[in-house]
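There are two complexes below, and they share chain A, which is joined by chain B in the first and by chain C in the second.
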Partner chain A sequence: MWVIYTLNGLYFAALLFLTSLGLNIILGVMGILNLAHGSLYAIGAFMAAWTIIQIVTKVPEPLLYVSLLSGFVLAGIVGWVMEKTLIRAMYKRTLEYQLLLTFGALLLLEDLIKMVWGGQALYASAPFDLLGKVEILGSVYPAYFLFVIAITLGVAFLIWLFMGKTRLGIMLRAISLDREMATGLGLDIGRLSTLAFVLGSGLAGLAGALVIPTTPALLGIGMEPLIFAFIVVVVGGLGSLKGALVGAMLVGLTRSYGIAIFPEIELPLLFLIAGIILVAKPQGLFGR
Partner chain B sequence: MSNEISRRNFLKYVGAAAITVGPLTGATKALGQAKKPIAAIPIKIAAVSFLTGAAAGPFGIPADNTFKMCADVINKEGGILGRKIELLSKDENGGVDAQVKLARKLLLEDKVDVDLGYISSASCLAVLPLTDELGGLIVAYDCGTHELMEGPKSPYEVPKFKLGFKSSAHLGIDNVGLALMIKKYLPKIKTIAGVNQDYAWGRDSWLIFETAMKKLMPQVQVVKTLWPPLGNTDFTAHISALMGAKPDIVHTSLWGGDAVTFTKQAAGMGFFKNIKTAWSRGEPYPQELGKDFPEEQIICCAGTHYFLYPPPEKSPLNKWFVEEYRKRYGKYPSYPCYHAYQALYLYKHAIEKAAKSAGGWPTNEEIAKAMTGLTFPTPSGDITIREDHSAVEDVLVGFSKLTPKYPFPILDPKRMEVFPANQVLPPVGIRTVDWINSWK
Partner chain C sequence: MYFMRMFGNPKWVTYGIILLVLLFIPYLLSTHDLLLFEYGLTFAIVGLGFNLLLGYTGLLSFGHGAYFAAGAYAVAMMGKYLPQAYAMEILIPAALLFSLLISIIFGFLCVRHTKIFFSILALSLSMLLFALLFKLYHLTGGSDGLRVPIPTMFGMAFKGVRRPLFLAGTYYYFLLAMFTLSFLIMRGIVSSPFGKALQAIRDNEIRAELIGIRVRRYRLYAFCISGMYAGLGGALWSFVNGHVTPDLSHWVFSGEIVYMTLLGGFGIVEGPVVGAMIFTYLKLYAMGNTEYWMFVIGATLIILVLLLPNGVAGGATALWTKIKNKRLTAENAENAGKN
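And then the complex of A and B:
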């Protein structure tokens, strides 16, 4: 059973990693605490569900998995529009303004989702059903969960390559390390900020899209991931890929084991861990 | 003096004329001579259900469809005492505060004749007290909580609200029904567990089930109780934790998207191989999930609300209801549809009963008086409203089973059980938990 508990924890951690990495990049590079991050997750979820429903009977099966990328794309586009219109004006303002604005964006996006896709649940479980089950040490386990874990590892590797090895990634890191110095060196902060916001939003959208085959798209689907993503950022620390990875795994595994062993205090336990880390190491486990 | 006598005689003749002519010309005309005229304007009926959000698909939309269908049918038959129904469909989404505001607006500004509404127990608990404050008639048609009409301790005074009614029975019948079913069909089980949402609905459902199980089968152990949040998207941890605890039966009151998500993920993890689930209001999900819904699960129908019960050949009304609903909306009606029917027809029958004694269109107080003790026919059989303003219902429980005829599991006709109301519902004035604890 412990193998399955661990796999559950890793699956939850995978989705959490993608969501919190997006939040982390935006917060690290731009200094923007985006409360609407969960809504971008929801947009990814609804977009993927809608796309799958449109194409499910018409295309070969592997394309269904590619279609999950639609969540990444649309959330990225929405992120781009948000950055260009709303967020841009906030860089020089204090945190309170940002929180107000991004909270407003959260309400706006929720209503937008309702307008576009209606208020009803969208069911699109074909990718989950088609992959079937695998047997692991005598227990059966849905292969789709392993698919999500594998995709997430792939994305983590790509982001690591991008941030560590490409010029663009190094410039993004430079901004997050020292914004003034980066400006002084002549980096185009405006365009790089847009890029960071689009990438962060897209990752949230991808997480939302990946969850869709396992659960219907519903209004408010982005709330829980937002809260968990904040815990991960607190635990793992700001501006660190490693932090997001370890933070997500810590939260995911704690939740899974917590529910198995002491279900009544699973959520308080997570907040307790976050609280202890905040007191003992305010910058997070791997933050600077 | 003689003048007075002749007037009395005259009234006698008029009365006799009304009695003889009345049945021939219809109730409207007979009552037209009375002191309370029946207005020619339509009756405004508010129907408040979830039209958006998680509860829309499984409950709100089917119920709203049914309100529309029934209003349409009543209107085509000439309305209620000749008055047509004007239905105002409203969305229950947006939280308790929004619902209180909406109910105030409906009663005070829109001046609806009656507010039929509420799927969420939280909405019911918040809105029903408005009845007596504003003098408006409200019928709670679907919400499950037993706390709505119960007082703080037994025996409590009834009715709790003079103008507030509950036209379906509360969750007590579902959960006591499940316990009775388990005792009857699976007397050898040793362990149970629960997975219920972490709010009033889930907590209350488990409380009643656990209390009833302890009384009926004291040897059974509770090995795990889990409380996932409402709208949970990842049940894997809960599913494995339950599997790890190895219960014989898992009780659940999950609904809507949560019920679907849980079932799909659980099936993927091999959960149903050794564990049976007992669903307190599981009736809609086999149809929703099709063949993905496992067989041999224990399903309760929130009353005797089922498209195959009472069997169509025995109940023309259920036959008509199922066929009419299917014709219009392409699905079999689920229990919220039956609940919607009950609310609207309770109102219709009460008006017709009250109008007889009131001699015209009755006041809210007269309607409330007529509702109390009223027995009226529904597709699920006759239903009575007790002195505590709640409906008395029997409860239907069964096992899911695939048959060649339907693309989803139905309740196995050979193992359907109807537990009568006196076995599943406490007497008037006694709290459900106290009643169960008093069982010998």
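And then the complex of A and C:
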């Protein structure tokens, strides 16, 4: 059983990592906490479900997995529009207004989802069913969960490459480290901020898309992941990639074992651990 | 002497007139509108307290639904488990105590931080309470929530009285009294040395610390006071609504509290009161007329943030100052002409 719980924990951590990574990139580069991040996750989920439903009988199976990318793309586009129209006007405003604006965007997006896809749940479990189950260390486990973990590891590697090795990534990191100095060096903060926001939104959309084969797309599907992403950010530290990874693992595994041992108080247990870490290290594990 | 000055002050005269009008509200409004007005009044109390934290201490909590829920559930749980003590004069102190307790625990963790970190932490902790209320269903009724019966008030029993009748009669005046009291106390807090210290912390934390203000402790006090205001609002709300659910502790509900405060304008004592009233009507209007009420609320919020950053009351004050200045300059010009 412990193999299953651990794998479940890793699967959950993978989704959480993608969500909180997006939140963290936006937070680090732009200094804006996007409360509508969960809605972008939901947009990714709905888009992927809708795409799969449209093409499931018409295309060869491997294309279904590629179609999950539609969530990434649409969330990215919505993020782009959001940044250009709303967030842009808020750079110079105080924190209260930035938070409130993204809260307004959240309400707006939740109803937009309802307008576009209706209030009904969308089911698209084909990619999950097609992969079947595999045997690991004597336990039978759905292969799709392993697929998600693998994809996430791939994305994490790509982001690490992007942030660490490419010119664009280094510029993004420069802004999150010292905005003023970066401006002084002549970096185009506006365009880089747009890039960060689109990337972060896309990652949320990807997480939403990846979860869709295992659960129907419902209204408000992004609310819970957002809260967990917050906990990850709080535990891992603001604007830290390493923090997002370690925080996601911690939260994912704690939740999985918590469900196994104390099903009723799994969340309070998580908060207890987060609380202890915060009292010991107020800035989070890897916070600056 | 102080009272004499109060009567001379146009502000206090306005308060007096408003209070006089409020006394006759039950005769002016239909029962439906009166209930709506009572919802608005309870939120106004929450907003008063929230403003102390946001406007005067500079901390933005996205988790004040938790203390609202604490007050409301304190009432509902007393009704379920201690029906023999289900009297208003016991319930209100119980709600205050319970919300104080929760805000001490949560506040202790939150006030170690400021800005975004504070906001996320307050939000996450309110979701912890949400999860508890949701999951411990044999205690709290889970997602079904709990019913809130009509309590006895100062020895008066309301057996067999229908809720709208109770709400439109005695309860309205009790609510109004609680609101007036809360308002006066908040005015007192804000203009007391304690209130000034909070504003000093808001404006410059380091300077405040250097002149000997114990920053973290004062923040915790402000947090607890605003938590108790939210708890009081929640308790009074629960009687109007007759039912409590875990959603009260959900962060989206907390977001609505922030919205109200900003809608009215924070940093002014009266602001959130105006905001709470407008929000209550706006939300009901949107919910009554379209399926997409969140869209309406969200769009209004965005427009408000972009165009009217100081809220309705703030905007009105600015306009008033502008008119006054204009009139002054006009008078000055006139006087100059005479000379």
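Basically, the second predicted complex is superposed on the first by the 288 of 288 C-alpha atoms of A that agree within 3 Å, B and C clash if a C-alpha of one lies under 4 Å from a C-alpha of the other, contacts with A are read in each partner's own complex, and residues count from 1 in each chain.
Here is the rule we use: contacts are C-beta pairs under 8 Å (C-beta built on N, C-alpha and C of every residue); 3 or more make two chains touch, one makes a residue touch a chain.
What you are looking at is a predicted structure, and each value in this text was computed from that prediction instead of being measured.
Visitor: State whether A:Glu264 touches chain B only (first), chain C only (second), both chains, or neither.
Guide: both
Visitor: Where does A:Tyr97 make contact in the superposed view: on chain B (first), on chain C (second), on both, or on neither?
Guide: second
Visitor: Thinking of the overlay built on chain A, is A:Ser125 touched by chain B (first), by chain C (second), by both, or by neither?
Guide: It touches chain B, and chain C stays clear.
Visitor: Touching A:Lys114, do we find chain B (first), chain C (second), both, or neither?
Guide: Touch partners of A:Lys114: chain B and chain C.
Visitor: Scan A:Met1 for contacts with chain B and chain C and give back first, second, both or neither.
Guide: A:Met1: touches chain B, not chain C.
Visitor: Just to be sure I read the superposition right, which of the two partners does A:Arg255 touch: chain B = first, chain C = second, or both, or neither?
Guide: Touch partner of A:Arg255: chain B, not chain C.
Visitor: Based on the superposed arrangement, let me know which partner A:Ala207 touches: chain B (first), chain C (second), both, or neither?
Guide: Neither: A:Ala207 stays clear of chain B and chain C.
Visitor: Which of the two partners, first being chain B and second being chain C, lies in contact with A:Tyr141: first, second, both, or neither?
Guide: First partner only.
Visitor: Is there a shared patch on chain A that both chain B and chain C touch, and which residues make it up?
Guide: Comparing the two interfaces on chain A, one with chain B and one with chain C, the shared residues are 114, 223, 264, 267.
Visitor: Using the touch rule from the top, collect the residues of chain B that touch chain A in their complex.
Guide: Residue positions touching the partner: 51-54, 56-57, 61, 91, 93, 224-227, 229, 231-234, 236-238, 240-241, 243-244, 256-257, 260-261, 264-265, 268-270, 292.
Visitor: If we count contacts the way the header does, which residues on chain A are in touch with chain B in the complex?
Guide: Within the complex, chain A contacts chain B at residues 1, 4-5, 7-9, 11-12, 15, 114, 118-121, 123, 125, 128-129, 133, 139-142, 144-145, 211, 214-216, 218-221, 223-224, 255-256, 258-260, 263-264, 267.
Visitor: Spell out the part of chain C that touches chain A in their complex, as residue ranges.
Guide: 54, 60, 62, 109, 112-113, 115-117, 119-121, 123-125, 127-128, 131-132, 135-136, 251-252, 255, 258-259, 262, 266, 291-295, 297-302, 305-306, 309
Visitor: For a test of understanding, state which residues of chain A touch chain C in their complex under the given definition.
Guide: By the definition above, chain A touches chain C via 27, 31, 33, 35, 86, 89-90, 93, 95-97, 99-101, 103-112, 114-115, 223, 227, 230-231, 233-234, 238, 264-265, 267-268, 271, 274-275, 278-279, 282.
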